[in-house]
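Per-chain numbering from 1; labels A, B, C, D, E and F assigned in written order.
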């Protein structure tokens, strides 16, 4: 199937116009080989490990959440040249769906909500809100860690948690947490919590479940969707950043 | 002693001109009551807990690392009004030393390096670099957690760690880590690590020891210095954000 | 009555969306104590004299035309701290209606037009235009001085004045005066006239009746309106700047 | 004498590099006819009245304080065309010295200080400071009005006035008044006072002696200086804006 | 006929709102003498040659494609003064229609397309596209040179040229050429081709027929249109820049 | 020889700090393969033709005047991918020296002056000025065309040409031409002349000798210099844009 036809379908799954303004130029074909595609690889990041693995399984297209060239470049460094060489030598086009796929139906946030077993999932301007069988803060945090198979950091305490907001990736921004508060969330699951947020929002349970663990499910769940829509072989490549705690 | 005289000394300890550009307007007297000062409180953040505690111990001046009004305001919210009322009712001026105290001799970064037992401590444009008895990654990370009395998150692996860079607070920025690499650091201790950094710097041991635990020592160590210089009663107020891991 | 309910009514009287762009952040609750309000004070400026007087009469809310913090601040000076202390110690919230109240029906400009006895008052994009019994320039200027109880400065001459434009406060801007010309005004009453305007508009009678005297009526007339709408005790506090001429 | 030679002398009298940044493009030859100059006219503003008068007296160059084209233009309006025609038909080049002449030795501010009979005149970054025989506020204000032959507006009161700061033109800006305070001025003479300044500086005597009357002396005093330096016929053209008070 | 009435008609012929953003302030009356107009001159540029010629034929209005004051000015140079004097002494108002007339129906681009004998002329967002009897590159380029009476520079080669895009003036910008490609153009006629364009678009025949020769026809063809609409005497003034090749 | 050592020498030949501000990010290694270099290719542009030819002759480094990625990119198009593939597959690093090499001693401008046989060549802030045996405009223009083996366009006429300014590439900017006038040039040789320049500078002979023909000599002359300095095999690759005139 020609790359162009695939892009049409990917844009239906994650419409580029949903992306945040700061993502301009980072959504879509970030390496466009105009090639025919028989096999698609999907991953969170286009690391060299992932690119080599994609080459090994014979993929012609790699779809990732994060883009390879974040800041636009005039010069190509050795590291970038090495990455590009893997892609070029193996005829692998690159496609990136980022904040547009966060918000998309069935995207990052939906997958995260589903993985945590939320019910009555509702789309809010930012992330998703849902219900969980009422439980204590400790029980809830354990549940998150287990569902996402990750360590977590958390702060705040509520006697009973029943309403939960989730946002995959780096979502502990003032505007987002205030939305969570407005929607009556008892807990908010996201990642990359910072000191000023911990200080300012002691009235809610904030669970930092790592960027990787909150976004990876969305990319995993994308695979069967694409396979079904395109009738092509699709394979997920997992690259765990292996962050450890003590 | 009049507030103005104290400010003169504080500006010798942490010269305002050392501050980063983004700190313009946030360094110095953030609440200037032009009062006489008999007792000084020192803390990391001017939270209401800290302000109340400062009032209780009879402080006339509270010196913190972070400022109370981060984004300039035209309107005073209920939360800010409540904070200001504690300070105004108890005659407590507020003084903030931030990125200028990070870099200052004996400041945040020096205190952090000292707390970790580094030797041959050298000032670099960003943070401090020092030596440690060569040890494994695991031993080193344990050492950090124990010295700073905190949980840590870490990534990367080195057979032997002997050169260490430290930066109190949020220091995992590209420019800083590349400086660490250039200076031959095996490990870099700072806080608030993000996914893109974990992905890009797998060749170094990065230890996220929390914003609080990497900056608090600097403010603690400031107390005896001020007391000695001003011959005034100085007391540290600790407010642990109580972030937990699982 | 709770402050929030009062704000709802004030926003009906002077809709914030009518404000000029440069007023962003300066309209509404500029000190929000979320308190219950039994008595309201109204004044042109929130000076310390006015704040002390508001405290003396037991006001819980002070509504002014001008705001207290004009340029947003990170640091609170002694002067501002003193003002805030009066408000905080006496539980007085502050509310500001500025360019939105200039334009509002029954606002600054309407009150000024009414005070000058204009008839057929018409709202124009800027200020108000109305008719006066035809009279000489001298007679008109005397009338303005007497109605507003102020000294005036004026320039230009017309044999007969019958159409008058008014704009409370600092309204001698090019764009405004050209509007006056377009609407056929013989005279324009406003304040803070500058040299370049005097030079450029010699074909119209321009009357500078001071900022204070052209805006004070609007705040005075606001009192009975609020009292009627809210069924609360409302008192006007006059603070004349006492500018003298020679 | 060729225009270029004259410009050289004028730039010695009022060095363009003394001008404020906002004056960029407005200092120097604003109409450059590269002509020979036998007679020079000097005035405060290049109004049509002044231009016609300059033509009548046979001037080849008109030196003014204010420029004719304040905001840069792509299109020439009827009013500007009419002004230019007078200058072009009569071969009159235009030269403007503004904020550079405010500050220059013997310029606007020096002339104003001299006209008020100040002694021990000192140049400060803004305007001039000098001494006057100690007198009451009333006596001082009367003195100003008489010396400058103008009406004045004033505010504030001091028992005794002996130190005076002056600034010709629109000088009641926060930064300037604070400088006056710092230099120990009892009174500050300038023009175009505004409401917020009156409110904020009640501790000093502020005398608004009009833009025209505070700047005109500087241009008058320029005439003999130029005549002496260039050995050319120089004539001052007075154009009083005729602002009246009541 | 009064100038204002003429402007109304000119704005129907070339609606100012069609102009590009960079043309703000450069469209319309660039010298507005508010005069009565009996004769109109039209030219490509308001050079002194053209202005003198317009004076000689007794024109009261000169309409040009390019404006006289491209960058807004505060100061009038000798050159500009000389030009203005011709216009002012002879009572000639100036009117400029630029990018609005490029796009207008019957404007620069339409005239160019017509001069080249294109059929099925279609308005595209940029320029015009049309058909020509299929011919070789050489034949086509000769045809262009002959129709526009100019030397040309060209690059690229196509066996057969039948679809042609034209844009009067400086039209070899990336965005425009890509539009040409999208619309299936075999050749693109415009002017001021640059090296980077020659390098990037070798797959199309690009003909640089000079700025003058591609825009002059549009101004010529404007004359009968205006004459017909206004029933006034209209005369075209040709000023060939006389660029030679070797 | 390692690439890094070569870069050190290239930076001596064309110091990057000489580059214009708009060239930031476009000077130096634009594809950095950190490879060992045995053979160097030099060309004006890194076109695919040049890249393929560089591969054919076994070059490990291609030095060009223009860069490949002019506007910084986040996404790699098919065209760019194809270019990069040639370079990556053949291990060819790319190095760009642009406005820094224009100005450098022995650079673009010096080579151009030398090719035209100028004597007493003097470096001016922009380009080079030199002397030529006095001749007519026609003779001079013929000389330029012959020396640079190109067609030319020219405008203006001088009876005798003896002083000549040259600037390789696109040098017909106002600022440059005015410099030429100030330095007493009779003729100015550069490229990409535009209509507004032709109109404004009729008093000088302006010769547009194409971007390619005025810059190519500089890159040719660079070859022996590099070969001598590095003792490596260096080969020039010529890619004529083949622009034709009629």
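The rule is short, and it goes like this: a residue touches a chain if its C-beta (ideal position, glycine included) is under 8 Å from a C-beta of that chain, and two chains touch if they have at least 3 such contacts.
Keep in mind that what you see is a predicted model, and the values were worked out from it rather than measured.
Listed by label, the chains touching subunit B and subunit C alike form an empty list. The minimal number of chain-to-chain contact steps leading from subunit A to subunit C is 2. The interface of B-C is repeated, with over half of its contact pairs matching by residue number, by D-E among E-F, D-E or C-D. Measuring from the averaged C-alpha position of subunit A to that of subunit E gives a distance of 53 Å. Chain centres here are Cα averages; for subunit A and subunit B they lie 32 Å apart.
Multi-chain contact residues, meaning those touching two or more other chains, occur in subunit E at positions 70.
Subunit D contributes residues 25-26, 28-34, 67, 69-78, 81, 84-85, 88-89 to its touches with subunit E in the complex.
Across the complex, subunit B meets subunit A through its residues 45, 47, 66, 70, 141-142, 145, 151-155, 169-170, 191-196, 198-199, 210-212, 241-246.
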